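Structure incoming, see below.
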Amino acid sequence: MLSFESDYTEGAHPQILQKMQETNMIQTTGYGTDDFCRSAAEKIRKACGCPQAQITFLSGGTQTNQIVIDAILKPFEGVVSADTGHINSHEAGAIEYTGHKVLTLPNHLGKMDPGELEHYLKTFFADGNHEHMVFPGMVYITHPTEYGTIYTKEELAAISAVCRSYGLPLYLDGARMGYALASYETDVTLKDIAEYCDVFYIGGTKVGALLGEAVVFTKNNEPQHFITRVKQHGGLLAKGRVMGLQFDVLFEDDLYMKISAHAIRMAEILKNALKEKGYRFFLNSPTNQQFVILENSKMEELGKEVRFSFWEAYDEDHTVVRFATSWATTEENLERLISLL
Amino acid sequence: MLSFESDYTEGAHPQILQKMQETNMIQTTGYGTDDFCRSAAEKIRKACGCPQAQITFLSGGTQTNQIVIDAILKPFEGVVSADTGHINSHEAGAIEYTGHKVLTLPNHLGKMDPGELEHYLKTFFADGNHEHMVFPGMVYITHPTEYGTIYTKEELAAISAVCRSYGLPLYLDGARMGYALASYETDVTLKDIAEYCDVFYIGGTKVGALLGEAVVFTKNNEPQHFITRVKQHGGLLAKGRVMGLQFDVLFEDDLYMKISAHAIRMAEILKNALKEKGYRFFLNSPTNQQFVILENSKMEELGKEVRFSFWEAYDEDHTVVRFATSWATTEENLERLISLL
Amino acid sequence: MLSFESDYTEGAHPQILQKMQETNMIQTTGYGTDDFCRSAAEKIRKACGCPQAQITFLSGGTQTNQIVIDAILKPFEGVVSADTGHINSHEAGAIEYTGHKVLTLPNHLGKMDPGELEHYLKTFFADGNHEHMVFPGMVYITHPTEYGTIYTKEELAAISAVCRSYGLPLYLDGARMGYALASYETDVTLKDIAEYCDVFYIGGTKVGALLGEAVVFTKNNEPQHFITRVKQHGGLLAKGRVMGLQFDVLFEDDLYMKISAHAIRMAEILKNALKEKGYRFFLNSPTNQQFVILENSKMEELGKEVRFSFWEAYDEDHTVVRFATSWATTEENLERLISLL
Amino acid sequence: MLSFESDYTEGAHPQILQKMQETNMIQTTGYGTDDFCRSAAEKIRKACGCPQAQITFLSGGTQTNQIVIDAILKPFEGVVSADTGHINSHEAGAIEYTGHKVLTLPNHLGKMDPGELEHYLKTFFADGNHEHMVFPGMVYITHPTEYGTIYTKEELAAISAVCRSYGLPLYLDGARMGYALASYETDVTLKDIAEYCDVFYIGGTKVGALLGEAVVFTKNNEPQHFITRVKQHGGLLAKGRVMGLQFDVLFEDDLYMKISAHAIRMAEILKNALKEKGYRFFLNSPTNQQFVILENSKMEELGKEVRFSFWEAYDEDHTVVRFATSWATTEENLERLISLL
């Protein structure tokens, strides 16, 4: 069956598998201290324009969010997020498991508003009684968001400015970062992200890797004994090379951007086809996830031929579903999908 | 440089990489619900002689210990371990991070003594005041142990019997299980382990996989909503297929046992060579890790040509070091090492 | 300076101190196993009409909420609360510290709506993908609420019915329960609360005790080894008698209700005086907390003579402040306050 | 029945109750910001010779240990304790509950040896691989110990020196501190403790208070937002005055030392009587707890007339039991006990 269910339905980009084959019997040291990791980190530093950045490779998005947030926050602090933030909704309480509250602001098509953030922080710190409350200790945003939307450079700069004026680190969850950077509608580059954020991660799992996310501390601000924290959370792989190697390939010859651009091209074709056929969109997504409102009967029919994601009920008769393209989407499969629609 | 530092210095067994290549573009669902995981689980059930076993694939040993132990224990319970148990010494406090105490018994060459276990439990539950203490809630053993030693079938049966008489689940950490099962000195089979233990894991990372450990609940006793617990601990990979596929290969045509047997054959050759050359052993290990007492000057000299693990200081002039063989050890490299010794 | 800042500005009701004096040199066993605790528990059982209830005395409200919620929830569950619930706003993250998320519903003058609760639970459990989310595991309400409002018997019954249909325990935070039970506008009795709730606590600290809250498990549903859980949270006092004795006095001859009724009488006089003088109320509170909208200049002036609580900014020129009466409010002080207004 | 079971069998010292009566209707602010707390803190600073000390009042020993240790340790650190330390044995895992490991050294009659501490720290930090281990982050000692023994000034100075050379804070659990300070065999003063330790607590519950322990940070080293941490752990009482007032009385006119001295005098009389009657001591305790080896038949007989604590089985026919004196022990009761022995 055809699947547009997500951007993690296939294995890895073929160049990754090829490099794995070629280097398989090279002996390395463990736990991320190997040359693959070193080389990948160096390439990421260059791509970010951030020669001092500290890079760690972790295995998945929830793990990354959990470890980074727990490592940054002081014990009496929580993390500020849009209410639709992945950490607030779909990570099984992984943040609260570490003892920290997710402090929510309303979302605007999945995004946090800089003005509302400032208002919240101003009010919090103005109130003399906040010693009985959870202190905001960092800000979490996703780019692209859970709805496929993206921040403009101006918005990102504004959020960053608010964070700095209150001394709060800004953390960007880039599980699908490639698809934001390659969007036709973006003015935000990887270097911008490195500049505006204190820490972020470059998603691998959903952008061509078998597994792996690259955490980037941009301001020489990696928490003390970060590797021990990673171990303590169960996140340290003995064969760290598995992740280093993949990012080494993805950041060679701009592969990360090339495959992201492919996914966006596929998404745009799909989007135009949907528009032409008169489908209603739940919102305008400029990235690889497209949210469409389907009649329930149509949804059931279509579900016999193609897999997609149930997103949420729209009304009694309609449902929001998601179609995702990726580095692996073929033109042939896309045509099959369009013909089914 | 030659390395006998550990059993995780290379990538994956070639058959694993080949299967990855062949199946790379197959589309699957995420989070361990795919056909690779299903097939691997079925093969493991057969190998264990345990048709009801519930199998979950996790990414590394610390993560597995943390999740399994936290999922089994009640909040007022701790886990009983030999003081040399990996969870007590080299996991950066990953168990305590989940809020549980590691309750220690003395080790005997890395092993727990069934009689001492029984005495501890008897005393604990006899004492009327134990409501102010941490309740023993499960028992943790490693096989092979951190010192490469192995339990006999009789010892395993005795520990299991004590556990059952007190209603405590027995959990076996099998990070290097293959090397115990393939030892020339063992009388313990995988089916014995499945019979005597309530839960255990079959180590992949150190026995030929890129990453991955297979958790086996043997008595239809998987904790409620275990997948949610895994997610909450940051251990759920989107592309669960990565681990399912590897175990599917390892449990096809007995590959797991074949490559373990190779490592043992290499270890025995090394052991005999060391004996012949008059080296002193720290203890007798019948598995793939060999612990040798080296003069410090010899250690330094050897360290220029080959990597091995520092284990612990023996006295002012001597050090215990570890040489590990694995599925990947070549006869050629072994000969080079022997000639250097 | 006169204070209407809260209901915990004085020591304890004089009868409590007298009993302390009289019984001071009686020797008792520790940790809540003494006769004072036993006698108090028996009286509370009778007052609740709940002969099987299990009673534990804890020292404060945050501690009680933390321990009860952590002891009831399974590890993958969170607690459902109105967004204004004390556990969500003013307990410094004490619930999240235990690893559990507070799942919020909108408040209606501080109260949770049974229909909205049902809709939330229905949607949650209908959605097939909820294994990646925090499971609702219990429901938390406050009575009176943080805004002094109270549930009607019908509302309480409705919330209880929803909880039971989904198998979720209902927990009622009664930090100021006496003031709700004594309200002129209530139709809810202590026996109703015991019937509709699975666990609740009777507040002592704010209703005449030096310290102490009585946790009541109503359905023979006290969590396993609850005392050990209390100890683990640092909540077990060696001299448990301190709390037992106080509740023994408070539940002798209806003292708890008598002193609560006094506070309500004082609050009604204050409310009428405020109305007559043309003050604006933030909302209608039928209990001992009165929320008034003051001009900022008026607030400053008044603040020179009397202490009250800053609640929240109303607009640029106005502030919501709280006046609280209690068992200890004297008519004389009340008259002084009214003359100052 | 006569009780020598513990030092917390009665209420509070009469002067405390008297002061409670006298000040009961004084209105104060909440959460430890009142004048009683301020006055008590000032007196404690003077008694410690430590004008900069930061004082917080908490309600019990387990809570105090939990909060202080959790507030001091970094997330990757554990606390070093003798294996008999209260936090390692009889606090239901309250330290591990906060995510931290208790790292144990062997005890010597309940005490930690400075040389063994130094050896442990030296070895730990010398070993290059300690990033996979729990870092020692502070040292915990009890004075008197769980066996009633006490440190000499020289021992205390030596432990303190080791701690400082490794940059680890030294924390002293003084649940029964008064009885150590008043011991006939001690050369350690409260000022010594304040000098050698970075933080300690002065036990109230077991030395004449209804409840309450005074935490003293001696080096202007109170953790950031400590009150919020206390609240987060459920340890912040609304009526903080309850504890402030008691310590204000205990540190007026040397009452704390006077009542401790009384308990020691009672203990010495008991000790001499036991010796004369030929009882065997488990060890020599110079404080208010006396550990005696009783024949089991004798123990049962005595148990009909007097309560004491079961400590541990000595051999098949003998048991170690504890008799405790306190501020409240009367000469009359002591004589009755002696005549029963």
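Lettered A, B, C and D in written order, each chain numbered from 1.
To be clear about the criterion, contacts are C-beta pairs under 8 Å (C-beta built on N, C-alpha and C of every residue); 3 or more make two chains touch, one makes a residue touch a chain.
This one's a predicted model, so the numbers in the text were calculated from it and none came from an experiment.
Peer 1: Which chains does subunit A share as contact partners with subunit D?
Peer 2: Touches both subunit A and subunit D: B, C.
Peer 1: If we define chain centres by averaging CA atoms, which chain lands farthest from subunit A? Would you check?
Peer 2: Farthest from subunit A by mean C-alpha position: D.
Peer 1: How many angstrom lie between the centres of subunit C and subunit D, each centre taken as the mean Cα position?
Peer 2: Centres of subunit C and subunit D (C-alpha means) sit 33 Å apart.
Peer 1: Between subunit B and subunit D, what distance separates the C-alpha centroids? Give it in angstrom.
Peer 2: 42
Peer 1: Quick one: which residues in subunit C touch 2 or more of the other chains?
Peer 2: Each of 76, 91-93, 97, 99, 131-132, 228-229, 231-232 in subunit C touches at least two other chains.
Peer 1: Subunit D touches which residues of subunit A in the complex?
Peer 2: 70-71, 74-76, 99, 131-132, 135, 224-225, 227-229, 231-232
Peer 1: What does subunit B use to touch subunit D in their complex?
Peer 2: My answer: residues 76, 78, 89-93, 96-102, 123, 127-129, 131-134, 310, 313.
Peer 1: Quick check on the complex: what are the subunit B residues that touch subunit A?
Peer 2: 1-3, 5-6, 8-12, 14, 17, 20-21, 23-30, 59-67, 91-94, 97, 205-206, 210-211, 228-229, 231-239, 241-242, 307, 328
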